[in-house]
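Chain IDs A, B, C, D and E follow the sequence of writing; residue 1 opens each chain.
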């Protein structure tokens, strides 16, 4: 058993408020991983101790709690955040206090901090492959796209990237519809009927949904009520996972799509044992697993590796040791930490089944490396992030050969 | 003109299929690339492809099965669609699961395969499309009248020129007018579709006219496509274009009706959410911030009822919603009484402090539910009899929304009756207007207070049942309704149920009228600003209580 | 309640606030090795509490004294915050991730080519100060003038203040609105050339916040202490009666309303500087309701009570969310319920006399169906 | 004024939800006059005062005070013009002390900024002390008005009316709830006031009206039924029929 | 039979009644007199249960009702016409009258014609909201509302306030009639001395929360009483 002064890690996920619905699970995963790690002998022979706080879905409170974790609890690393705004809110704190944040959720990219490891998907690891699939014969060969999302930065950016990408694939402006709704939109009648009308132009139409969290349930219910099925107008979602489906009656949704880097249904020994541990830990054989959980798992194990490698929890040492580390994914293949603090990930497209699980119908041949900056956005097409020597910069302009703006870290 | 109105569960299940097959043509065309229409293969085992793991092969196999026909075609395809078709992991044996027993797919004779070696045949959207198309093809000749009608619609929607012979054959065999009409539409659609056999300009234009007459989104889609179809006669393309714009015009007109329906449906949700508050806040003056949480608990009660019914009497599962209505009313009503006795009663005369106390209560209720049932959504299913939609002219009426509208009206009527026509209603109003005098008149004010709060809470529970059908059921549910509920009650005029009704309808219809014009977010902002300006002109809402008694 | 008591309390509280912030500021400048060094964590917390205290004070002025239950005061707080945030964002200059000296990062990010007109001048501190005061005051003035003139009162007023802040929230959430959408404004570097992350700036800001709060307390005391204050109470009790005496209650209300909005806005500006982020969540109706609750907990109608309530409730939140991350809502909820039941006058009521009674069921003379105004 | 009327209502009507409470009412008051108004319950007496003070807008007709048309003005403007009112149901500021109630009523500062910087003057203090004596609430001066008995509130309201020093006093049932002795004293008080100001009194107490010894107007169903000396109107059979009883 | 024995009553810390005793019997009018603010209304509040007494005892028909809530006292036949009328402003006149129906046996829940005969205005304005009535109309409604429940103790606080002379006369005769029926005790607070004196059998005079004189009308000199209530 591990001995000595415990190593503390912070868990910064909302346990109340609007985001509790998604984030509580990630807190549980980290607690489970801590327990498993301690059973395996801890880290550096010392036990791990999780410091859990509740930032309550309140963005400034995220910053406050981040500061508490780093300055008061002196944690070795923090696992946390879901929404982009919460990440943006804590970013200055992590940079000021030189902390380490593992961010486990798919996001819009266009960011690259030395103090953050992005273990969720960047747009090129989710959105682009998903659209590729819809364009392909297998995916129905869509010629017309409705990009609908919640009005915040992740959908905005993702859709901006997708619009440029679709145009580069020969889709006309008139065949792209973009629509934003507020958080928690619950009345989708008008928008769904607009989708229907949009889909009646005689071209195969697909929807790309970046609708966030809670708003998905009423959206899919309305799709069902108005009789739109996956074979009419498939909906490809980036924020609907097993957890969300657990709260829905999925029968009318069969065949609708989601793009992720992990599905619970993927049959691999590692995944099986992870699911088993999870059911044991939560004492609930029905608790689902999902993509951000895997991303948390990867991040946690990468951190453990880095600490073991440098024999210390010193932040700078750990950060520098991270790049190049590898961790096996739960679904096969490996996640490798890239110089831009993103990782390589496989991309899967799944169809919703009536049991609330996804049936993988397509996957990338190999892992896709995460790109911090989108090549499809004019302002960032020349940017890269590289936290290794000699560049050591999160926003390096490869044309000007210069690090832009304030150097992070 | 648009579709004929239809109703009833049979029609519903049918139309699911039609819609399901709407985009079929694309996939079928694609699958044609993979099928070698080689007659030599016709007597090969069409079923073998199903036993593979390749979606492409499975889909082409489905098409082949349909083309070959035969007595086993339909049962196998249906089993595939129902995920009851299994393949052996070795070889190409196929079995259909019949409850606990099995039959061989190809022959239909009972079989006893080794279950551990079986895996379900994989299905994806492409396979689903192929199955729907194949089923339609098979049922058009052999199905029941309803199935035939459904199949004809599928044909219309997929408008695949390859199906023209089948359509003609079916046309020659039927004298059912409706079926004939659908088939004629299908024929016209197929004629105008890519890959159609060359036809003369006159026939094409007749087809355009036929589709123009059919109207609706399907016809619009086909005509829009035809208008860009190079192989068609230029005059046909022009006619198709004109037909599209005239259908568009028609659709826009219907759009007003459709928006009105959406608006009333949104309004009825608002009304339900606000009605309980119209009692606890409007009548009693309690600024009840926990109102949303009572709705949330009503929704959870629905979920629990559903679970309970499914575990006790699964056969009644689809009627659990009916049971949930009294259950939610009683649970929330009782909770309301507990809240009134434990908290609110100490605060009469200090209405603003009820805000503080009930806010605290709402935090606790949210967290209680989170602790009990977890932070995530729970799945409340919509029973089949509430699913789907039907057409009223060009207006699509979704059944769950319609049910909510009716429910809201019924609750409203009931509440009005209770308040206006029963002794309890009179006592409620008396107590809330002048508690001390009411006591002097022998009214048990404590009891009436508890009952009034319980009634308002019970109605919040009913609202919870309704929203569980269209929205998330999670501990956060209440938060998304509380602001709108207060807005409705106040906008309508506090203490006036008719005002609440008018405000809910106005906000619902107004919101839905603005949404297509300026978008959901700006529409909402605009509506809020309009409400603010309206209140400036009518400082006591739409239906103010007038007179001396109010002003002094 | 006895008015004079609450005013004397206000100046005592003002002095305590100044002293305390002074001590904290000095403490934070001690070397980290010193046992009494005040950590930056405490400093940012204290800064936040003081900013919230300003908001609470503002709410108390209109609610406690003029009887206007505002459920939208956080709007003014947030507007003040955004005005300051705009300046702080411009101050980043070319140090943003895109290195664009003219456009804030989020605009580059959305491919905006030039600064929208309403951002002009925001890089000048005096302009930012003017915006911070003028925009909330103008909005409050317009809103108040319309509402009070047409005699919107009671819950009607409460709900439209809520609608106002809700509408602003939705507007600010929109990325197209030009204020950074959901993310808001963040990642500030410095103010007037002082590094925001330096302990000297933090100490200075905290002390300045203390002075401003003390000033606001005294100004508030002046406003509600004299005959104007009595009249406000008269307006609160029987607004229409004051009209027959020849008063124009709408003018009185407008004056406190705008004054209060300005105090809230200053609070918002202080908040942004010390917390480092402003986003549309600050407009959320729940925030305004919470501010009302701080006042109720502290003691409505006592200026010190508002300040104490804001600080204590937020301190409680800070502690509970760390100690009982999964149970804290029970604690907070129970606190609110207990306050109403056992401390009807809030904590300040406790200071005046320990209530001897358990809660008793009340039989008020008359209850009106419309809350306060009847 | 040169016209010889201070207040003039001409052809005023008002309807509430179809009920005509004031029906083509015309009435005029000379400067310095005191007028008693009587009439059955619901005759429209209080409503008439509501119209004069701007609380209720008439549907038709003109109300002239000096040269101003009151129907175009709001309550504060009318009050500032010199019309004060005591309500039938006493309304005082319950949370303020009796003293502060009187202080706020005193003629003078009305603008918000002036109030903000106001300090109580010696003159004001003396005035309040005088009023407290008149209404016999000296002992209650520092009590909150909400705790006064019904009759005490009536007196406080009279005090507030006096504090305003209006040119025209509208007094709605001033002696309700007073003892007979108080009633007579109030009559004296009003006569005293009437030496410098004009007064309209509504009362059902005939002894009191007699003691005032002024011209009496009898309202009925929103219009004037009779007008004249008390003895004259009280012998009018119509007045006896609808109002006094046999 | 009502017996009030040595009651004290406080408003917060302030004392309003200091040891008041009085009684009222069926078939008689007991009249409570006194200047403004001496505690007349407070006595009635104690009797009807609107305000709790700090000490002392209130007996009604042999039962100790000191601690009973107001509605229980109403159930025992005590009806009140409060000072300030306390009409339910948003209920119609008819509904106001019906608020006491809960006290009546099911078959008798009807507003008797006598009440409409006595106050014709109530019939005329049956569907108008109580709050819209004129002051005097409201007073009539308040009296009517109390009579609907056919009380055995009728408590009246200045019932003639604001009422036109002809109706005051009618009220006087109704009270006289009710008294003469013999089954009702009447406790009356009235400033209108002549009116009160004419009706009353017993008189209680209060001053500063204490009884300063009481007795049968015949036993007390009218002018003495007048003197006691004068300033």
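Heads up, the rule we're going with is that a contact is a pair of C-beta atoms (placed from the backbone, for glycine too) under 8 Å apart; a residue touches a chain by one contact, two chains touch by 3 or more.
In this text the structure is predicted, and so the values were computed from the model without any measurement.
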| item | value |
| --- | --- |
| Contacts common to chain A and chain C (chain labels) | B |
| Contact-richer chain pair [B-E vs A-B] | A-B |
| Separation of mean Cα positions, chain E and chain C [Å, integer] | 52 |
| Rounded Å distance, chain C centre to chain D centre (Cα mean) | 45 |
| Distance between chain centroids, defined by C-alpha means - chain A, chain E (Å) | 75 |
| Multi-chain contact residues (two or more partners), chain B | 366-367, 433-434, 436, 439, 445, 479, 495, 521, 524, 545, 547, 550, 552 |
| Sequence positions of chain D contacting 2 or more other chains | 16, 89, 91 |
| Numbers and ranges of chain A residues touching at least 2 other chains | 15-16, 151, 180, 182 |
| Parts of chain D lying in touch with chain E, wherever the complex brings them together | 16, 19, 39-43, 45-47, 88-89, 136, 147-152, 154-155, 173, 176-182, 185, 204-206, 242-246 |
| Sites on chain C touched by chain D in the complex | 1, 222-223, 226-228, 230-231, 233-234, 236-238, 240-248, 251-252, 254-255 |
| Chain B-touching residues of chain C, taken from the complex the two chains share | 63, 69, 143, 146-147, 150-153, 155-156, 159-160, 162-164, 166-167, 170-171, 173-174, 240, 285-286, 289, 292-293, 296-297, 300, 326-327, 329-330, 332-337, 339-341, 344, 359-372, 374 |
| Contacting residues of chain B [partner chain E, same complex] | 423, 426-427, 429-430, 433-434, 436-445, 495, 545, 547-550, 552 |
| Parts of chain A lying in touch with chain C, wherever the complex brings them together | 15-16, 52-56, 58-61, 63-65, 67-68, 71-72, 83-85, 88-89, 91-93, 96, 110-111, 151-153, 156-157, 160, 180, 182-183, 377-380, 394-395, 397, 404-406, 408 |
